[in-house]
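What follows is a group of structures, each given as C-alpha cells.
Next come two complexes, and both contain chain A; in the first it sits with chain B, in the second with chain C.
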Partner chain A sequence: MAEVTAKARRGRGGGFLPFLLLLPAVGLMLALYAYPFVSSIYRSFLGSKGALSVANYAKVRELYWRDVFFSLEISVLSTALAALVSIALAAYLRLSTGWFARFIGAIYRFPIFIPFVVVAQMMRTFLAPHGLLNIFLAQIGLVNIDAPLELLNWKGLTFGFVWKQAPFMALIVLSGFEMVDDTFIEAARSVGARLPQVIVRILIPMSRASISVALILAFTSTVGTFTLPYMLIGGQVPTTVTVDIAHRVTYFGDYGVANALGTLSYLMVLALAIYYLRYTVRKGIYEYQEG
Partner chain B sequence: MPGLRLENLSKRFGKTVAVDSLDLEIRDGEIMTLLGPSGCGKTTTLRCIAGLLTPDEGEIYLGDERVTDLPPERRGVGLVFQNYALWPHMTVYDNLAFGLQLRRVARAEIQRRVSEALAMVRLSGFEERYPRQLSGGQQQRVALARALVIEPKLLLLDEPLSNLDAQLREEMRFEIRELQKNLGITSVYVTHDQAEALVLSDRIAILHEGRLVQVGSPAEIYNRPGNRFVAGFIGLTSFVEGTIVRQDAAKGYVVVRTRDGLELCARSDVLQTGQEVTVAIRPEHIELYPEEPAVRPAETNFLSGRVLRGAYLGDVVDYRIQVGEWILRAHAGTGAILKPDQEVFLTIAPDRITLIAV
Partner chain C sequence: MKRWMSLFAFLVVATLLLTACPAPTPQIVEKEVVVEKPVVQTVVVEKQVVVEKPAPVHMVYITAGDVNMLALGQNVLAPAFHEMYPEVTVSVVHTGPGDAGSRLIFEKLLADKQAGKDPGDVDVAMVHQKFMAWAMAEDLLLKYADELETWQYMTAADARNALGTNIEGYAMPMFHSQIAIAYNPDFVPDPPRSYAELVEWVKANPGKFGYNGIKGGMSGVGFSIGWIYWKTGKYEKYAITGPFEEAEVATWEEGLKELKDFNQYVTITAGNVGTLDALNRGELWMGPVWVDMFYTFMLEGKMDPKIRLVMLEPGMPGQPMYFVIPKNARNPEWAKKWVEYVTSPEVQGKIIIERYNWYPGIDGKFVQDITPPEAFERLYKDISPEILSKYGLSFPIVQYNDAMLEAYERWAIGG
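Entry: the complex of A and B
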C-alpha cells in the first residue's frame, strides 16, 4: 500500500514537471502576446477619465470608418490577387520541368527577403507619375507622359502588396502542390484532363490546406502592414487603419482611439483565425482517426 | 479494339538507355505483359505508350493511328497505377464521373455508365464513399473501373497488384483477366512478378536492360526460354555448360558433354555437333530416386549425385544436388525427405531439357 502511494506521488510529481518545463515559454507568451493584446482591447474601452466607455469607437466611427473598410477591401483584394498569382506560379513550377521553370523557381523567392520599407521605396520609384512604369508605357505609346497614370493610390498599394505577398504565398502553395503525387496528375491526364483542368480539379482541391494557410498568413500580414501604405499613400483619404493608428499616436498621443482601431484590425483577422484554428483542429482529429 | 504497335522505340535518361530500340506488336483484344526485373524499362515503355513520356526515337501506333506525339489526354488510354491514384477529395462516383464530365457526357448517361462500371467490378453501392473508406482491393477495383468507364481504346496497368496482400493479389489476377477477356480490350500489363505474368497474359514480353529478349505465350516462355536470362528469370532453373558431341538427326536428339564428362541427351532439331550450349533444367522436371532403380527408365538421362541440402516448401522439398561439378535443383514430394550427403539418383526426360546456344 505504501509503495502504491509512493508511486502515485511520483506519478503526480512526473505529471507536474512538464508544466513546470513549459512555464518559461508560456510565461513569455502571456507577457509578450496575451497581455498586450488583452490590454489594448481593454484600453480601447477606457474613456478620457479612465471609466469604461465606447467614446473611442464613436470617434473611430466618426473619423475613420471609411479607412476601416478601405483596409478590409485592400487586404481582401490584395490577398485574392496574390492568391491567383501564387497559384498560377506554383502550378507552373509544379508542372513544368524546363530551364525557364528552373530559373523562375530559383528567383521567385527573392521578394520574400526584401523588407516592406524597401518594397515601398521601390514601388514609389516604379509607380510614381514619372516613375519607371509610366516612362516605359510612354515610350511604347500607351501613356502620355504629361498625363501619367496615377498609381500612388489603392491601385499602387494593391500592386505592392501582391508583389510582396505572392512569392511568399507561392512558397506555401508550391509545397502543397509538391506533396500531390505525380500519379494523381497522370491519372487525371489519362482520363482526358488538360492542364487547366488538372490544376482546378486536382491540384487545388488536394492542396486546400496549404492554400488556406497561405491565404490566412498573407491576409493577416497585409492587414497589419504599416510601412507600405504609409510610404505609398500616406495620409490620403482613404488610407489604412495602420496609418491612422500611427497618426493618432504620433500627433495626438491618443492611445485610446489607436487601441480601438487596433481592436477593429483584430476583428478583421479574427474570423480567419477562427477558421484556421477550426480547420487545423479538425484536420488533426481526422488524421488521428485515419492513423 | 485496336491493337498497339511499337516501332524502334527508344528512351534515354541522360546517359542511361531505359528502352532500347523496342519493336513490339500487341494484337487486338490481347493482354500482353511486359515482364522483367527492376530497371529493365517496362514502366518506361508503358509511360511512353500512355503519353506520360516522350520517346527519343521510334513510333507508337494505336490501331492505324500514330499517337507518338499526342498528349496523354488525347490518346484514349485507360491507366491503372500501383498506388491506385484515386483522388482523395472525390467520392467513388466522382472519381469515375470525372473523365466522362471532361468529355461532356450528359448527366444521366454518366450515372448509367458509372453504375455499370461499378457493377462490373462488384462495387455497386459504394458510390458515395471516399477512397480512404475503402480497402486496398476495393480501391484497386475502383481504379480499374475509373480506367474502363471512359471506354478506352487501350488499357495500361502498371504493377496494379503490387500493394495488395498475397491472397488478394491472387484473386485479383483472375478478376482482371476475366474482366479483360469479357470486354475484349487490348491491354498492356507491367509486372516483375512472373507468376502474375503467367496467369494473366495471352503473351509475355520479357525485357532486360531496355531490350526485348523474348515474346511468347506463357507456356512458350516457360518451356522454351530463348536465352539464359529468360530461363533464369522465369521459374527456377539449373544451368549446365557443355558442347554437343553427337546427334541423332532421325530422332532429333543431341548429346551434350560437360567439361567433367557428364553426358546429357536433349531434343534439338537445329543445333549442330560442336556447338557450345547452356543446358537449362527445371527442378520439377527432375525425378529423384533415393536408391538406384532396378530397371533404368528407357530413353532418359540417368545421373547420380549427392544431396547438399533440402528446403521444405510445404507441397514439395526443394533439393540442391551435387552432380559432378554441377549443382542441380530438384523438387520432390514430402513423403520421404532426403538427408544431406545422401546419395541420390536422378532421371531427366530429354524433352524436358532446354538447350540454349552460347
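Entry: the complex of A and C
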C-alpha cells in the first residue's frame, strides 16, 4: 500500500515537473517565434481599414508575382548547385588522405563564418563588369574587358549563394559520410566499384538523412536572405521577395503587403519544413541511418 | 565555485575602479586647454555653469543615414560638444540608411510614447523628410527650433515645410543634399543637360547610363521622381502646393511606360554606392548620385577625380536631414544647445561643407566667410548656386511620393 502511494506521489511530481522545466524554453519559443509567426499571417489578411480582406495578396499578385517565382527559382537552383558542390567536397574529404586533403578540410569551412553582408560586398567587387574576375579573365585573354561577363544579376546571385551555402552543407553531409563504415566502401571497391559508384551507390544512399537536412537548412536560409540579393540585384527586375518586403516597409510603412509576401515565403519553406520535422522528430536521424 | 568567486571579485574590483575614475581635477586641466580655442567667450561662460551644476549629463543622439552620419556624430560632433560642455557626454546611435533608418527612429519614439515612457531614451534625433509626416501625425515632437539662436539663419523653405507637412519650429535642417548626374568627361565630353537629351543619349550609348532602380536607394528614387516631374510638368502641385488627388496617378502611366522603355538601355546598379563604384571603375559613363557621397568618395580617393557633375533640366530632387527633439526627451535643454551648436555658422562651414561636402543647412551667405575658399569652390564648382536654386527640387509630398513609387512598380517594372 505504502509502495503504491509513493509511486503515485512520484507519478504526480513527474507529471508536473516536466512542464515546469519546459516552461522557459517553450514560453520563449511561443513568445518569440510562434506569436510573431501567427500574427504575421493574420495581419497579412487585414486590409487598410482593419477588416479581413485579401487586398494585400491582390497587390502581391499585381506587383510582386514575378518576384515570388524568381525567389523560388533562385533558391531551388542555388540549393541544388550547392548540394552538388558539397557532396563532391564531402566525398573528397571522406575518401582522401594526405596533407592536401587535410588542408582543404581545414579551410573549406571559412565561408560559414562570413556573414551574408560581407559575402555581398565581396561579390560586388569580385563579379562587377570591371571587377576582379573580369579583369583576371581579360588579362589571360579569355574576356574582352569592353564586353565583360555580366554577372551582377541572377547568375552572380546564384554564385554568391553557392559560395556561401556549399561549405555549410558540406559540413553536414560530411558528418553523414563519416558515419558510413569503411567496410562498406572497401567491400564495394573489392568488387570493382569506381569512385563515382562509391559516391552514388554507397555514400549518398547511406547518408540520405544528412543530405536532406543540409538541403532543407540551406534552402530555408536562402529563401530568407535579404542582404545578398539587396546588395547585388536590389533595384533590378525581377528581384527577391525579401527585397520587396524591405521595400514595402521602408518606403510605404506597409506591413500588410510585407506580411503577405512573408506568408508566401513561409509557404515556400513549409513543405520542406514538414518533411524535416518528420525526419528528425518522428523517425530520428540515427535510427533511420542504422535501419 | 572558486572560479565564480574570483570572477565576482574581479567584477567588484573593476566596478570600483570604474566608478572611482572621474575625479574633479580634469576640469581644471581642460579649462587651460580650452582657453586657447577661438571660441573663448562661450566656453568661459559655460564653465561657470559647470561649477554651479556639476551633475553629469548623458545625452542620446540617434541618427538615420549612411554610416558617415554615425562617424560625424561619434568622431566629430560628440567629442567637440563634450569639450565645450565637459559635464555632457553624448552617445551616438545609428539606425541605418535611407527612409528605413528614419522609420526605425519613428518606431522607437512611437513605442516609447505608447508605453508611456517619460522621460524617453532619445534626446535628439537626425531624420529624413518623410519622418516628419509620420512623427507630426503622432504628436511625438517638441516645438523648439524658433527658440534657438541659429533660427535666424534658417531661410530655406524646407525648414518650414517637409513634403507637404508644416513643420515650422519642429525641425532644423543640418544640411541639404542633392541628387545630380555624375559623368565621365573622357567618354562624355558634352553631357546631356535635360531628361529629354538623356533619353537620346542612352539610345546612342546603351548600358553606359546606370541608376539603382527604386528599391536600391534614394538616388534612383530621386531620378525616377524627376522623370515624373519632367513628364507631367506638375512639380508645383506634386511637391509644394498639393493637394493630393488620386486622379493624377493615372496620368503617369504613359510617362512611366516610356521610363520602362528607357530602362532597357540602361544598367540597373546595386545601390547608391553601386552607381558610384561603377562610375569609378569606368563601367558606367553616367549615373545619378548624391552630391555629398560623390565628393566624399573623391576626397577619400575612391572616385576617379576626372568625373564631374551636371543637373538635368527641368530639375532633380534633393533633401535636407533634420534635427528633431522628442517631446519626452530627458534633456531637452541640452538637446537644444546641441542643435544650436551644429547649426552655428562655424560648424556648418568647417564640418558640414568642408569635411562632409553637404550643402549647408542654414543660409549659405552666413557660412561663406567661414568656409575655406577651396571647400566652397569644390562644392559649387560644377553646380553653381544659381543652377542649384533653379534645378534643385524637393521630393513630392508624401501621398504623391508613395503613389509615384507604386506607379513605377506597376508601369515601369510590371505591365
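We adopt the following convention: the second predicted complex is superposed on the first by the 270 of 291 C-alpha atoms of A that agree within 3 Å, B and C clash if a C-alpha of one lies under 4 Å from a C-alpha of the other, contacts with A are read in each partner's own complex, and residues count from 1 in each chain.
Keep in mind that, in the parts below, a residue touches a chain if its C-beta (ideal position, glycine included) is under 8 Å from a C-beta of that chain, and two chains touch if they have at least 3 such contacts.
Everything numeric in this text was worked out from a predicted model, so none of it was measured.
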Could you check whether chain B and chain C clash or fit when both are placed on chain A?
fit
Which of the two partners, first being chain B and second being chain C, lies in contact with A:R66: first, second, both, or neither?
second
Tell me which partner A:L152 touches in the superposition: chain B (first), chain C (second), both or neither.
second
Identify which of chain B and chain C touches the larger number of residues of chain A.
C
Should A:A193 be classified as contacting the first partner (chain B), the second (chain C), both, or neither?
first
So in the superposed three-chain picture, is A:V237 touching just chain B, just chain C, both, or none of them (first/second/both/neither)?
second
Looking at A:A246 after the superposition, I want to know if it touches chain B, chain C, both of them or none. Which is it: first, second, both, neither?
second
Once superposed, chain B sits from chain C at a minimum Cα distance (Å) of 43
Taking the two structures together, which residues of chain A meet both chain B and chain C?
none
Considering the complex alone, what residue numbers of chain C touch chain A?
98-100, 103, 134, 211-217, 220-221, 268-271, 274, 277-278, 281-283, 402, 405-406, 409-410, 413-414
In their shared complex, at which residues does chain B touch chain A?
50-52, 71-75, 77-79, 81, 83, 85-89, 98-99, 102-103, 132, 143, 146-147, 150
Along chain A, where are the residues that touch chain B in the complex?
181, 183-184, 186-194, 197, 201-202, 205-206, 208, 290
Residue set of chain A touching chain C in the complex reads 62-63, 66, 124-125, 128-131, 152, 230-237, 239, 243-244, 246-247, 249-253
